[in-house]
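Naming follows writing order (A, B and C), and every chain is counted from residue 1.
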Amino acid sequence: MRKLLSMALIMVILGAMLASPLAAAGKKEASPSGFKEEVYWTAEGYDYDALVKAAQAEGSLVARWQSGRAPQAAEVFEKKYGIKTVASPRFDDSENIERLRREYQADNVQVDILGMDDGAIILSEFIPNDMVVTWTPPDLAEYISKAEQYPQVVYWQPCVLGFNNAVYAESPVKNLWELTEEKWRGRFVTCDPQIQPYMWHFFAAVIDHADEFEAAYEQLYGKKLVTQYENAGWDWVAKIFANNPIAVEHDTEVSKAIGSPGQTNPPVGIHTLTRHRDAKEQNLNLGFDPNIVPAVGFALPTYMVIPTKAPHPNAARLWARFLLTEEGSFPWTNTVGSFSPNQQIQASADNPYTSSWGQWLDVLLLFDPMQSAAVRRDLIDMWLMSQKK
Amino acid sequence: MTDIYLERIVKRFGPDALAVDDFSLHVAPGSFVCLLGPSGCGKTTTLRMISGLERVDSGVVTIGGEVFDSPQQNIFVKPENRRLGLVFQSYALWPHMTVEENVEFGLKMQRVDKEERTKIITGSLNLLRMESYRKRYPAQLSGGQQQRVALARMLAVQPHILLLDEPLSNLDAALRLQMRSELKSLHERLGNTIVFVTHDQLEAMSLATHVAVMNEGRLEQYADPMTIYQKPATDFVATFVGSPPMNMVEFSDATGWRGRLLEQVAQSYDLADRKDRIGKIGFRPEAVSLVSARAEKKEGSKEIKIAGRVKAVLPTGPEVVISVVVEESEYYVVAPTNGGVENGESVQLVVPLEHIHIFDRQGMRL
Amino acid sequence: MKNTNRKNEVPKKRIRDGLLLMGATRGPFRRMARHIKNPTWVLGIVLALVLTYLIAIPVVMLVLESIQVHSIDAVYFQQKTGSFTLNYFKRAITSKVASVLFLQPLLNTLLIATIITITTTVIGYILAWLLVRTDLKLKKLYSSLSVIPFMLPSWSYAAAWVTLFKNRKMAGAPGILEVMGFMIPDAVSYGPLPIIVCLTMHFFPLAFLMFGNAFQRIDSQLEESAQILGANKAQIARYILLPVMRPAIMSTILLTFARSVGTFGTPYTLGRPVRFNTLSTSLYFTHQSSEPGVMAVIALAMLMIGATLVALDVYVLREYRRFVTMGGKGQMSRPLVLGKSQWMMNLLVALFLFTVIVVPLGVLFLSTIMITPGWFVKSNFTLQFWFAKETKVREAVSGLLRDPNLLKVGWTSIKVAGIGAIACGFIGTLVGYSIVRLQQSNISKYLKQISFLPYLVPGIGFGAAYLVLFATGRGPIPALYGTLLLMIMAMSVMYLPLTTRSSITSMAQMGVEPEEAAMILGAGWRTRMTKIVIPIQKKSLFSGILLAFVQGMKELSLVIMLAVPGLEVLTTLSIRYTDNALMQMSNGVILVIALLTFTLTAIAQRLTKTNFAQGIGG
């Protein structure tokens, strides 16, 4: 046995020697990437033609996108610029993030641009560690508000608290505090934030907008909130978690739970506005009330970032610019539930409530990615604790 | 014509398992040598060291004048380069090849061309009367046929030395006898050197030109079969060879009839002064004649007599084995007929002095 | 002759001294130097090095991940990335969330693994006995049907279950039965009960095959002698069969337990809605919520469970030696006559196989042709999920068979699983060869242990480690991340335990003589390998390859980290559909995987005249 152990030890040491560059690769992470900007990318020296030329010289592009619609845009992009484009659809954030981390660790980045939801990771890890940069096409910058440029948003999606409009004539919930009541125990449906991390943003936004929640409490119950938590936002989140919410994998499940026909006592739940697109096909009865206090939901941005070591940095930028134009954003903005940060681009007229993004912003909570990242750990722990039986 | 020299071979398997201990042997060219001994005596190991499948720990293996294995000189010739033949106890036919392919394999290894190969295969299969089975797979053959293919496979490469590891032990009695005579005539026809391992003494006696009796990794005696039988060098050889085995009288307790016997033997062999060196005497069952106890007690100087009682009479067909009990020991007598003795009868064993083998206290022949 | 011996006493002593002296200088390097000329040793050492790199290093990396600060936590911990920390262990074991993150999942895992092991073993044993030892009619047909569940992706039963039994109380759309008007209690819809039922249905073929092979090796004379001595059937079963089968039973228990611990898809689908977590789902959630440190801790716990199993396995194998002489030549197998119970047993077996094969596959298929599963009205039926240019239920999604990707993805799957399995089969044969030929040596023991390790490492951890290990060139090894080769390599290493084990068994059965006979006839090492060893091992090799292929086609957790754009496989495609709640499409992909696996396996078995079922066990 001892011999066996010593043999194993020898093997491991030999193996470790073979793998020694591993440690070196690990250390590289923190060092500057040696990233250099081309002049024609900058606001001062911007040159669209130079960008197109450089991108075409690179010849191909690899994008990993959280949405299933990316390939449609890729097809048009490829046709227009003659750049071979692989836009892998439906890459969820955790996979996208883990991949990029590992690829950086190993200094072998295989992707040119990422479409992802998790701004917190971008701001707290990717950008400080020099792993990615965010880029706003200088010629479009004037149509995009500054807040949406860091990191650059590629499109917005409203997430709203929906109800079954066949059962309820109007929203059964007028104030979000009602969801913490016994009446809605086990009847609030949400995506499991452990599976769809973008949901953390919603809870973070609640905490960030604690004042509004404090006011809403007073408005509903006519008294001041007394809380053991840091603020009214935390109080609401704690009570919601404790009220046995139903956590599902995907927001299509939320919309089905709410809107499936034939229910007598349907739940309410939070889902993306996009679900209204399939509502008709799937016989779902979906409604929402934009006037819920303090907000009907939150605004979910999707960001695009370009790895500093992207193999095709020019094609990546051309793609980024393309998605912010009418012809590139069509797979999203032509359908219900998506809005471009570029104010020139009109969203689909089929959108319920309004197709003006400005109006939407008035009824939705906006979150701050850094604040979201800061409260994430405590939120996860609170969520986990609420799962204790 | 190739000879084999084994010089002071030692082989261990682990610190406590000495398989072959200081073993030396010369196998003359063209001889048919049997390594005979009980199981676990190191005979198969010896064979494997000749073939190169095992390496010796120390000592030298020389074949045809060339050193094949010598740790001291750092020489080792791999088995695949020794050009020997070896037939295994289990035959080890390759199940995925036909009879023909099995035989052909060795020829391919020696880069014999196709035409020549076919000729040799036909020749060696004919020799062993397996020609009509050449397209069969080993699984479709009986034990004896498999054995013959195994032999044909090794003969095809025309080795100067053929090693056989208990090749007949898996066969039934009739087939074994037939194969024995085939092997013997094969040896006479081909004239190559054969080393044959067996634990069956009858096989060894009937086949070999020389027998090497081994015990516990050591060589007990190396001689032609008749010498082995008639003049066993040690008490081990004496009891191992022959069936029923040689009768032994031990003198560790030299009182009573044993004392008298010892006295008589010592005197007649002129060993009176070295009487205490005599450990035991032996005599073959067929050298004994039985005399009724009531018969006249004639003190003859040319023979010894031991009184006993018949325990059993066992006819084997051509002869009769009679077991006689003398005090706590049992002795066997082989005679053409039972000579009229019956169970329980008191008898005397009469052995002519010239048929007595004397061994010293270490078991060596005196 | 003894005289000579005695005279030689002095020189003999000298020789002994010489040997002792050799013993004193017998260091590993001296020995290695001597072995370097022996190709078997060279092979053994090379394999040991390769496997160390491919298996041991990833495991070591996993350990490091659990005690080193990750970049994501560096700020929070106020420690440098890569420095030593026990925070992850604290969080998993002593923090206030420990019970949710780790402790409760650990208990749940052990609980369901134990029950699944029991049910699987019992069902497999009875079925194997019926199909091997009795004269049950149609047993050939039953036997070939019984392997089918093993070819389905592990989460397909969960998918079928959810389609059928899902209730709305917990989440989302209702299942078929609820739509039809049945009330389904929570305990039936989700949680431990359905997990156990589904995994039992998925794992029983493994037990069935192992027991079947073991039953086949039992000489029926063993039973007959007991019968002659007056034992009745129950007594024979209790005192003869059961003890003789004990090694097979133990191996089955170990393997089933190990697989139950590692399985992910089923507890994820059926456990999550009621927050019934196992180690594997907890591992996944920590992965999703960016807690790589805690994830490594959980992976280590799974590894520890596995290591305990290996220790048990070693012990059991030692026990096994007592039985190894059994069988051999002249064995006979005379089936037990069922008589009156023939029809009864036929009915039971047929019913059972119908339940585990036809029902789930039928449900899956049904779900792919209905918009709302279970709503049996004409307008609800559709073929759009298979054939539509763009499905109406979701934008930008074309029907499965219209998806230009499907062909490509399917082809990648076949390439990865196929080439991976072939490589796995050959490496396994070589490893088995080295283990058997170098027996007693440390290399052999080391190879034996390390080649079993992949069975115990959670696939997802393995995939992550491979990503880091091969993402960059290291010395002579080029960067392989993003290549088909890496996926193939990972696949062939992952299933090495399967092929190595079956190779060890058949290598031991073959013995050394066939090789030695060739050696005597002048065949060098390479010739012996290619002309003798591998051809004789052909059957075991092929069945090992097929087994690895079947497993590879349905592998998910390993490839999910390694599948880069353009190199997707069918399983990742299915799970991407699941992630997007396109249940019909996801189920459709499962059916495609099943169909492809059946067809290719059937063709391969026909062509090579082997049966992958024979590769199991040993």
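A few notes on this one:
In this section, a contact is a pair of C-beta atoms (placed from the backbone, for glycine too) under 8 Å apart; a residue touches a chain by one contact, two chains touch by 3 or more.
All of these numbers come straight from a predicted model, not from anything done at the bench.
Chain contact topology: the protein chains form an open path, each linked only to its neighbours in the line. Here the chain at the heart of the structure, going by C-alpha means, is C.
Between the Cα centres of subunit B and subunit C there is a gap of 53 Å.
Rounded to a whole number, the gap between the C-alpha centres of subunit A and subunit B is 88 angstrom. If each chain is reduced to the centroid of its CA atoms, subunit A and subunit C end up 36 Å from each other.
Residues 3-4, 7-8, 10-12, 14-16, 18-22, 25-27, 29-30, 62, 64, 68-69, 71-72, 86, 88, 90, 92, 94-95, 97-99, 101-103, 105-108, 110-111, 121, 124-125, 129, 189, 192-195, 197, 246-254, 256-257, 260, 263, 277-278, 281-283, 331, 335, 377, 380-381, 384-385, 387-389 of subunit A touch subunit C in their complex. For subunit B in complex with subunit C, the residues that touch the partner chain are 8, 10, 12, 15, 21-22, 51-53, 57-58, 78-86, 88, 90-97, 105-106, 109-110, 150, 153-154, 157, 218-222, 233-234, 362-364.
If you check the complex, the residues on subunit C that touch subunit B are 1-3, 5-6, 8, 12, 15, 18-19, 23, 511, 513-514, 516-524, 527, 531-532, 535-536, 538.
Listing the residues of subunit C that touch subunit A in their complex gives 28, 48-49, 52-53, 56-57, 60-61, 71-72, 75-76, 81-82, 96-97, 99-101, 168, 170-174, 272-273, 275, 285, 287-291, 371-372, 392-397, 442-443, 445-446, 449-450, 464, 467-472, 474-475, 477, 479, 481-482, 560-561, 564-566, 576, 578-581.
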